[in-house]
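Quick one: structure below, then a few questions.
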Amino acid sequence: MAGFNHLFIPGPTNIPEQVRQAMNLPMEDMRSPRYPELTLPLFADVKKVFKNHDGRVFIYTSSGTGAWEAAMTNVLSSGDKLLMSRFGQFSHLWVDMAERLGFEVDCLDMEWGTGVPVELYAERLAADKAHKIKAVFVTHNETATGVTSDVAAVRAALDACGHPALLFVDGVSSIGSIDFRQDEWGVDCAVSGSQKGFMLPAGLGFLSVSQKALKAAKTARHMRCYFSFEDMIKTNDTGYFPYTPPTQLLHGLRAALDLIFEEGLENVFARHHHLANGVRAAVSAWGLKLCATEPKWHSDTVSAIRLPEGIDGVEVIKHAYRAYNTSLGSGLSKVAGKVFRIGHLGSLNEVMVLGALGAAEMTLLDCGVEIEAGSGVAAAINQFRSAAATAAAKAA
Amino acid sequence: MAGFNHLFIPGPTNIPEQVRQAMNLPMEDMRSPRYPELTLPLFADVKKVFKNHDGRVFIYTSSGTGAWEAAMTNVLSSGDKLLMSRFGQFSHLWVDMAERLGFEVDCLDMEWGTGVPVELYAERLAADKAHKIKAVFVTHNETATGVTSDVAAVRAALDACGHPALLFVDGVSSIGSIDFRQDEWGVDCAVSGSQKGFMLPAGLGFLSVSQKALKAAKTARHMRCYFSFEDMIKTNDTGYFPYTPPTQLLHGLRAALDLIFEEGLENVFARHHHLANGVRAAVSAWGLKLCATEPKWHSDTVSAIRLPEGIDGVEVIKHAYRAYNTSLGSGLSKVAGKVFRIGHLGSLNEVMVLGALGAAEMTLLDCGVEIEAGSGVAAAINQFRSAAATAAAKAA
Amino acid sequence: MAGFNHLFIPGPTNIPEQVRQAMNLPMEDMRSPRYPELTLPLFADVKKVFKNHDGRVFIYTSSGTGAWEAAMTNVLSSGDKLLMSRFGQFSHLWVDMAERLGFEVDCLDMEWGTGVPVELYAERLAADKAHKIKAVFVTHNETATGVTSDVAAVRAALDACGHPALLFVDGVSSIGSIDFRQDEWGVDCAVSGSQKGFMLPAGLGFLSVSQKALKAAKTARHMRCYFSFEDMIKTNDTGYFPYTPPTQLLHGLRAALDLIFEEGLENVFARHHHLANGVRAAVSAWGLKLCATEPKWHSDTVSAIRLPEGIDGVEVIKHAYRAYNTSLGSGLSKVAGKVFRIGHLGSLNEVMVLGALGAAEMTLLDCGVEIEAGSGVAAAINQFRSAAATAAAKAA
Amino acid sequence: MAGFNHLFIPGPTNIPEQVRQAMNLPMEDMRSPRYPELTLPLFADVKKVFKNHDGRVFIYTSSGTGAWEAAMTNVLSSGDKLLMSRFGQFSHLWVDMAERLGFEVDCLDMEWGTGVPVELYAERLAADKAHKIKAVFVTHNETATGVTSDVAAVRAALDACGHPALLFVDGVSSIGSIDFRQDEWGVDCAVSGSQKGFMLPAGLGFLSVSQKALKAAKTARHMRCYFSFEDMIKTNDTGYFPYTPPTQLLHGLRAALDLIFEEGLENVFARHHHLANGVRAAVSAWGLKLCATEPKWHSDTVSAIRLPEGIDGVEVIKHAYRAYNTSLGSGLSKVAGKVFRIGHLGSLNEVMVLGALGAAEMTLLDCGVEIEAGSGVAAAINQFRSAAATAAAKAA
């Protein structure tokens, strides 16, 4: 099929050219004297993206799922009680993992389209005078529904009642794209993956931990080996890994971090917000609704868009792929067939978003959704230009 | 700047991934026993793109301009009389080259926005009873104005009066993208370059010649060495080159030809026509005019769009580049500042075109052109979908 | 430093150009309708490399270490008794993992430089009338010492006493390079990684399992989630993965498998044996000794070479890297500083081996080892040419 | 065929990884406002490699041959008398070009294996009281025979008799690898190509000219267009080109220049001399002779080695390629079949040279040349180590 594939799924995201260049390389010795020149700055710089100054970061050869497992099996003990909530496929999978790994999960099931129920969390924590809850879990950005939750509020709830539970955050589809402040928000374990805001292929799982988590790990009783902190710490401290690391991705990570810092982390966040606003303007112009039930849940990295009754979302995705060489995100699990998703994170600019919206319009029209051709693109253009005008006015 | 650059100039065009992969390679010996396995099929397959069965093709390490010079200095003799016409920057440059290389040029200056004046050519040829005109020149696609000329009609004019002049065609921005038939149209020298329909970086100049041209070359008197047919023929016949060839581009050419034949040359032409129709629908919806004065001149590879009075085209191009990471084609020479161009050739699909139109809309609005946001994209979507519906109806 | 780095460690190995080209690509949707066109043939073809017809293969986003853990945590239950042996750093790490994952390990500690003690295994198995031993472990190729063990003999020992224990094989540095026959040898779990015989960057862990192992997995009690067979089977069967897979490496794997099958698996093995003979001839000519104590232990993928007393192996490795841009393998753990290793596996040919030997000679001389310059290279050349002559004579 | 191809021809040379990464890129607009940020520093930095401070450099889309033509057709007039000498295939081709381009050539035919006859040049110049000789030509490094000539001595000869002729130097296989000083030696036109010391694929022809040459070009009468200085100067001055430039190669050139300056030009020269000494030591140990008849002609970028009577050099080259995946340079023209060449220029280090020598030894032995296996490698190792020891002693 002629021309490029248009990738607008919420990960893997588009790889910047500099990152792609950096991964075009021969192999090298991961025990060479110079290897730490690559790795030590990576550990330091990934921490900056998490805004983790006091703790440390682990870079696993795994998907983000592996880093979830690393967090739980190193810092917690089998049978520990965990406070979790479920409102989408990825929060569901984390709960499922916790149960399979032998934890006692208090799971709050919420409507899909909403996020972490901070008030309910606050109640549970306040009621837990015996501090049986060992960890509280937040899915920062639920990729399946395009919902962002309020991590700082959960921290506030913990602090309000002086609860010592650890705070775990799944930031796979948020960290590096949306405001995240590990130290300030007192997050003990924050998980991410290479294929989202880090603009790399999948293959690296990041786990950024606080000193509190590191301390907890020393006495935690759970079986682990591949993901063990201990082996990593011993070797990482001198710039090496306990097993052969994926050198190609580490070079790509170097290039990706350079790009992030060159743009500036806060500018990256602002860009994501700006682009997401364009997508939301288009959705509104089409007369469609987001899966996220309220503006406070709106995600700046992915929008899940509800399809009208009678439209099969699976066909929408397939049609976009086959007819327009465009990859949109499908609905997963409970919302399978009911939504389609536009990923708007990573290496992205306004014109790419306009292309995505154009592709979505063609696809929706072909699939029988009654929208006005060009309406979404027009709304996004107006949104983008109006924001630019506001910014220019402010600067003046 | 985040995200990809959007390249919508009329060349260099976007490089397909397969071509890019094929050029990611170490160097090799251009005198190795296996080198002809690469080159001999290339010569044969480039000829297929030109629809040249009887003649041969030269692949020069040069731009298309070099292949122009190769055609003239090998096949013609200093002082030969040439019939040419000028209606844009590239037809101008060809005339300029002919004059500088010592030919006697009868140049018909036409309005920019029109093409080769077939009737005037017919008159000139009919009047030339003595056959002093040694060659007739056609700029198949004038890239500066987005005008396609009628090569077959020029051949008919030659035949009508039994004129033996050679027929030279500049197909740099047409061959491989627009219908071209060297044998059927009796074209003696057809020139192209790697960076347009061949979807490669610049660096290869193609010259496809008829047996008549090869014969003419044997007695032509003009100074040449680097571009000499003689040296090329001697070495090309066994799969080699008279000097070190650009192996990286030759491997890319292999991949590009594979893509073209996989899609099918006629399908490639149809796709270009389809995409160009979308762009023209958008231009019309914006209330703007093409540089090409009549539909018969419409180019399927590039549209030059006239800007309203008072709008500086140079600023339009710069703004698109700086604000939207989008490369549009600038106006050249006589139309500098008055037009902007959208290249729509090579590895391109509908969604890429929608992105280009979205970028153009944002740019035009920012620069003060009064168009309706989304109008061009809407028109293109409707054009694309209506063509698809027609095609589906025909197929049923 | 000018020129290429020379990589002669036992993994990661040199990446063939075709594999490198295949990994130079943009990201794509791992849930696209066409994704199974990539993945389903990969599962089938990786099985061919393992010579596993009846079972299935898991491709994990992990190092080989992760695949070790996958094998143990899916097929065995906590507390199971395992028969293992230790004679090098990698067999040691496997034992260590087993202990940390809560198994009861009967570990036979053997001299480093020898391999799996088949006779002792046979005794232990024969004595285990109650069949308490649930699995027997073989490190097929101990990368630290360059020792290959006899998997078929262990199978014979199991069969001789009709012991039902599962057979686990670590083939990280052997499979794809040395003869391995999963079905014929009745191997239940065979582990490998992408960065050795598969000629890829690190990042994929392969686990090839028999039907017997799959059956055992259904009742095994051990905690696992990331590496769970269940999730993989459910998604792999339709060509997908339970989490975002490393698409870049999967495309590289496709190219690597194509190369392996093009050369022919048996030819790949023969080539490794041939090249290893060259290295061993050189070692002998230098007057040095291999770590492997007897020819029957000689590894065709890596040679660990003992250094004379008083020579610090750590300095040898560093000097080769710094002075000659050459990466040799260092001694690990018990043999740290006492040996250096030459990896001779993956994408390798005779001239590359001569380069490695030349580099080793320069390094050894610089470090004070009394060898004759050129002696190793001469011995390898003679070995290579004499083998070629023998082969030619046979063919005639 | 497994493993890498070993490229030891005198160009194209091995491409450093950084250069290869830099060429792995999408296309871009060669008229963009930012394009001069790439090109202007390139012009400045290529001049540094030529040690040309006062003049300017032209970067043509052509092979080095094209740059030869550019030099002659821009700076000289048809019919001008030129003093040239011929002692190998490349000096022959330059003479041939001069004759075909209509110059009157006074060609001194010298024994192949010698270089420019400075004394004879001096005589001719002294005798030319009327200053009919307009230009004197020097093939700095005759690639076919591995002979380096003395440019400075030719300059001295010109100065000695106050002859105003222009000095033209073919530095295709020397500049960037061997000491060259355009200003100091008063060279008016110096030609090179991208695929030798510049470590790029073929495709760029460099022509570095003095102010004297630029002045001469203003009145020179010769036909030219593609290679015309005029068009280049007009566009280059603002960072652009008169036709679409090969952007991919220009980015590669940026990376190559960075590498050259990082190593230091003088260090690059010293490295070439060092590596060439190793090759020469090997040739001597084999009991073979160089084509270069005396040490003063020894080239540091390529060695042409005479084969014993009865050995067919064509077969030697083919055998190295087919049996050992090694590309050696063949004998050309007069020495076809009589010599083989080892290119030792560009991105090269000692271990690569040892590999080349090992490959050559295997090939020579297979082809019936009676050399001692390992002898050449041993001699090179001793040469390299002894030079290192001397350098260390000096530094101490």
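Going in written order, the chains are labelled A, B, C and D, and every chain counts its residues from 1.
The rule we apply is simple: a contact is a pair of C-beta atoms (placed from the backbone, for glycine too) under 8 Å apart; a residue touches a chain by one contact, two chains touch by 3 or more.
The shown structure was predicted, so the numbers you read here are calculated from the model rather than taken from an experiment.
**Student:** Taking each chain's centre as the mean of its Cα atoms, which chain lies farthest from chain D?
**Tutor:** The most remote chain is A.
**Student:** A-C versus A-B: which has more C-beta pairs touching?
**Tutor:** More contacting C-beta pairs are found at A-C.
**Student:** Just give me the whole-number Å value for how far the CA centre of chain A lies from that of chain D.
**Tutor:** A distance of 54 Å separates the two centres.
**Student:** Could you work out how far the Cα centre of chain A sits from that of chain C, in whole Å?
**Tutor:** That gives a centre separation of 35 Å.
**Student:** I'd like to verify one number: the distance from the centre of chain A to the centre of chain B, where each centre is the average of its C-alpha atoms, in whole angstrom.
**Tutor:** Distance between chain centres: 45 Å.
**Student:** Could you pull out the residues of chain B that touch at least 2 other chains?
**Tutor:** In chain B, residues 4, 14, 17, 20, 24, 26 touch at least two other chains, as defined above.
**Student:** If you look only at chain B, which of its residues touch chain D in the complex?
**Tutor:** Residues 4-5, 7, 9, 11-15, 20, 23-24, 26-34, 61-66, 68-69, 78, 97, 100-102, 193, 195, 201-203, 222-228, 242-249, 318, 321-322, 327, 330 of chain B touch chain D in their complex.
**Student:** Give every residue of chain C touching chain B within the complex, in rising order.
**Tutor:** Touch list, chain C to chain B: 17, 20-22, 24-26.
**Student:** Looking at the complex, which residues from chain A come into contact with chain B?
**Tutor:** 1-4, 6, 14, 16-17, 24, 259, 263, 268, 271, 324-326, 347-352, 354-355, 357-359, 361-362, 365-366, 372-379, 381-382, 384-385, 388
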